[in-house]
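Structures follow.
You will see two complexes here that share subunit A, one where it goes with subunit B and one where it goes with subunit C.
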Partner chain A sequence: MRGADYVVKRTAFALVTIFVAVSINFVLFRLAPGSAVSNLSRVPHATQELRQALKRQFGLDKSRGRQYLIYLEQLTRGNLGVSFENEQPVSTNLKTAILNTLPMVALGTLFAIVVGTLTGVIAAWRRGTPIEGATVTTALGFYSMPTHWLGLMLVILFTGILPTGGMTNDFLINPSFWTHARDVLSHMVLPSLTLGLVLFGEYTLIVRSAMLETLGEDYILTARAKGLRPWAIIRKHALRNAMLPIVTLVALSLGYIVAGAILIETVFSWPGVGRAVYDAVLNRDYPMLQGAFLFLTISVVFFNLVADLLYYKLDPRIT
Partner chain B sequence: MSVVLHEPGAVADPEPVPSRGGILWNTIRRRPSAAVGAVVLSLVVIAAVLAPWIAPYGLHDQVGPVFGPPSWSHPLGLDDGGIDMVTLLVWGARISLVVGFAATLVSMIIGGAIGVLAGYFGGKTDSILMRITDYFLVIPDVPLMIVVAAIWGPSLFHIVIVIGILLWTSTARVIRAQVKSVRERVYVKRARSLGAGHARIVFRHVLPQVAPLLIANTVLTIAVAIFDETALSFLGLGDPSRVSLGKVIENAFQRAAISSGAWWAIVPPGALVAVVILSCSLIGGALEDALNPRLRVAHVSARTFRLRPLVGRSDSSL
Partner chain C sequence: MTALLQVEDLHVWFDLQDGGELHAVQGVSVGVERGERLGLVGESGCGKTTTVLALMGLLPPSASASGRVLLEGTDVLAGGEASMRPHRWSDVAIVFQGAMNALNPVRTIGSQIVEAIELHGEAGGKAARAQTGELLESVGIPAARASRFPHELSGGMRQRAAIAMALSCHPKVLIADEPTTALDVMVQAQILELLDSLCRDFGLALILVTHDLPVVAQLCDHGAVMYAGEIVERGLVDTLYHAPRHPYTRLLFAATPDLGHETEEIVSIPGAPPRLDQPLVGCPFRPRCDSAFEPCATSRPLLRRVADRHAAACHLNDRPSQAPG
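Our next item is the complex of A and B:
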């Protein structure tokens, strides 16, 4: 029953972390000095009715402690207040943004995992050769570049070849589904590639060191002595065991992905959550910033939990 | 194929236990790239320190046309205000490094203190402190930095504090693990039985043992801090009155350097940040490699079946 124990423990940890994040969010925004930050009802140009409604919903005239409870209660209903910028509910704005961000980030991360694992394995297998040197140097190079700057470099390189801003071509009127899909995909290439390249560097280094550790084990020597072909050794014996640290470290890079998404969406004007954070900072749209921060934190915690459970599936020995 | 197998655990080239200088020398010999990183980083630091004397022009002086291209008098061209790019880079590196070092200092003090306390006292202190660290480790740094910086308002001091108070988690964990192992060593137990107090044991016996690892961690943290400063500046949260490398990139981006074809306004500052971060990673990685006994395991290279020589014997044999 240790397995169930582990799952319960990790899930509980994730839930407590989300609770901590929610509380940090409350403390940061509501207890901050200056009513522009802490007053959710201070929507510029809003009607008196809207302001009164917000004041009532969030109990802004009550004590801090009471406000905290009301905030938690509204949160469970998905009420995050109203954006200062367009007077839409924050949750509505976020939903659109999330749907735009997910495919872009997923494509970039997938690219990084596939290419990074491949180059990492090659680098470890060819230890001490120029191939390893070249791979590690390239990976370190991409790892060191500021994400937004790498994006700008791609803009310089690909201007005129690929679209460098936005998500769709506004001059397409009533496009068919396929034209639209191709249009969005072509806009997605550069942002995804930027994220992919930055993560590729990190993943290559992680996979390489995990593989090196595994290749030093006795069972690899045994496999080799049995006369197994190198590819079989890598696939069946080395990579499987190297997967454990790789899963953990990919999980740890989630924060990095989130940071990358904010910077990349700013560079490429991609209308996602990252861009929403940037716009919120620019316009001092605090409810929106609060909502986006909460979403980003919760999604990182969630995917961390997924990684933990995956880890358990890969290695049932751990508790 | 002739395969020469060594005895399991045999050391190809037994070396004496290295002194501290020996560790340094071994690191340089095994990782020449780390030495290159150290030289490059030193050059950047020297240039940044000497900024007021070596900057060719004034930081606010318009010395040519807007986005003037590279020329003999301005090797990297001019920015959107007609300011010399070399001057901007030298001064920008100065501010970026100040932020990097100061934020790292803050995070070292917090992370070092938490790591030492948790590792040294163990038990309840340890589990509470590590629980807090775990929560901070999961919550993504950059969005939290953005939120705090946006609420506090942009200033150099705020940026340093914001980055510093969010970067200490990995330090705390590394230091805790090391302190835990040092605490169990015989000489620490002897010192305790001779009546040494906690403070004396920590400062005289534990910290000197942990210091090298703390330094390796510091170098890596500086890289992250400089990256974070660049990111915050790019999002418009940098100190508007100070020119950092992140600010230079942001400025060029906002003033449409790319669509003006002025690549010289945007390529060099980012490249300089990348070089600084790369140097820090190389130095920190090599130091960690040399200091962390766990990494000093002989690997059988799967291709050649030769044992990788150990750098030195692991501390556990002492």
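Our next item is the complex of A and C:
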């Protein structure tokens, strides 16, 4: 059967990709100059014995191959090591960060997909009119803005109106669920908007060019000749064909965004994955960084897989 | 009696990037009666496809048109999209060139035919699907193939499906724009035969747009030869072949390769058609004509009746002693 075969093949490919990435990830950190131990033992009166003890404690006295096997084995049990920074398991830290990042990114992306698709379609349909000109100029403007600059501008613009940093108001003591939800949501507006605006620019341009290409196809002329109304043509004939390139690009960008809204989370002090990566780099928190990289890898590969499967669903020509 | 479909003094201009205009169709008047088959012939870029797109109101936004398109006496173009849309497919249907992309690749052929049937209120739901099956059978495609996607069919099958779709709302006029281009000769012959029998069975008027003269000879009773955006000669296909009154028609027939005479060299008409983004002075065909004389350089010949059901636009016809052909 066409379907099952494809899904199995794509999933297997994704798993192999993750395995390879994990291995490279492991090697990468072993190749980094200096060792975790030399960094940790940089204390007055550090003795050779202390270094040896630390090495043993972190398992660094074993051979590289052995370390790799142990790493893989622990990975399958969900053990990502312990953070140097707060001595909590990396998986716990990462989970908190991911749960903080996801809603913020989801809100921004949803905004970008809905608004970007709509404006992209309108720009393509109204080709050559001022509407198209205005849309494309706006989209290009937001697309080319540096994310952190746009974030800072929004901070300046909305100071006093919306919270501009953090995820919660620390002065709320024991808030009820709804108060808490409203608090988080109001903190989420600006970082989500920043992400949403930048992505909106990108998506509008992608959707517009994909639509333009599709609208030039013969079957669109056939649909018009059949007597279909403009919106019916877009809905029933153009959009699904135009979705093919859009799905790929949106899914690809999602993979990176989920793991790497570093600039936005730094500007708005949002305690998510991006912020965790930033802090881990500053603090030389290798296990945390390695864990974050693993998550980045998995999210990119996962969304690639989603794109492949969606593509398959949308395009009957793929076998 | 009013004609079934009558195009009167159709002009089409395309806006060019540099601000100029391209006068693609320059005063075409043409019509078909019930059951009549008209072949619209001419080389690439002469405006034949633009003419049929204009008469269905399907020109791109960069084009502007003037003239009248009378469908059973009513001007359907005057009211823009809104007045044309109800007539599309239910009165005038079209089969486009290159069946490759005329069907939406991500939808089954059945759903695309059902869509047309339901849109024009011919039938709905189950009845529409049943009708689709019958239509497919009538063009030689098993009804079960309705659930197939275009890429799962061969080129000839796709063209058959496109024809079935064109017939789905019982149009009075069927326009076929290069229906056999990109098909191999055997399939081409089958498609022509199919068109022939369908037109006879359904009493359709056919407008066949092609650059392929033998196809016109095989399928059509009337012919209109287009050159540089206008019709230069119009008449019965037999007359056009045996007694052309315009040098272009004569040269066009002479340039058709004949399989019977293998040794014969392939003849072509030297030169290229005139540019249509500049005003034309004199006869547009003059630079390539083998029998041009004084008036051709300065005055443009008009399409005039030269015999019963036969018209041509050539100054030679004004000099009875030297009729061309």
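Please note the rule applied: the second predicted complex is superposed on the first by the 289 of 319 C-alpha atoms of A that agree within 3 Å, B and C clash if a C-alpha of one lies under 4 Å from a C-alpha of the other, contacts with A are read in each partner's own complex, and residues count from 1 in each chain.
Convention: a contact is a pair of C-beta atoms (placed from the backbone, for glycine too) under 8 Å apart; a residue touches a chain by one contact, two chains touch by 3 or more.
Here the structure is a predicted model, which means the values were calculated and not measured.
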{"item": "Which of subunit B and subunit C A:Thr266 touches, first, second, both or neither", "value": "first"}
{"item": "Partner chain(s) touched by A:Met145 [first = subunit B, second = subunit C, both, neither]", "value": "first"}
{"item": "First, second, both or neither for A:Val277, with subunit B first and subunit C second", "value": "first"}
{"item": "Contacts of A:Phe13 with subunit B and subunit C, given as first, second, both or neither", "value": "first"}
{"item": "First, second, both or neither for A:Thr47, with subunit B first and subunit C second", "value": "neither"}
{"item": "First, second, both or neither for A:Asn304, with subunit B first and subunit C second", "value": "first"}
{"item": "Which superposed partner A:Arg317 touches (first subunit B, second subunit C, both, neither)", "value": "second"}
{"item": "Touched partner set for A:Gly128, first subunit B, second subunit C, both or neither", "value": "both"}
{"item": "Which of subunit B and subunit C A:Arg229 touches, first, second, both or neither", "value": "second"}
{"item": "Footprint overlap on subunit A, comparing subunit B with subunit C", "value": "127-128, 218, 221, 224"}
{"item": "Of subunit A, residues touching subunit C in the complex", "value": "127-128, 217-219, 221-229, 236-237, 240-241, 314-317"}
{"item": "In the complex, subunit C residues that touch subunit A", "value": "56, 58, 61-62, 85-90, 93-94, 96, 98, 100-107, 115-116, 119-120, 149, 151, 162, 165"}
{"item": "Residue ranges of subunit A touching subunit B (in the complex, touch as defined)", "value": "13, 16-17, 20-21, 24, 28-29, 32, 37, 125-128, 140-141, 143-150, 152-153, 155-156, 159, 212-213, 215-216, 218, 220-221, 224, 230, 233, 238, 254-255, 258-259, 262-263, 266-267, 277-278, 280-282, 284, 286, 289-290, 292-293, 296-297, 300-301, 304"}
{"item": "Residues of subunit B touching subunit A in the complex", "value": "8, 134-135, 138-144, 146-148, 150-151, 223, 227, 230-231, 234-237, 246, 249, 253, 258, 263, 266-267, 269-270, 273-275, 277-278, 281-282, 297-305"}
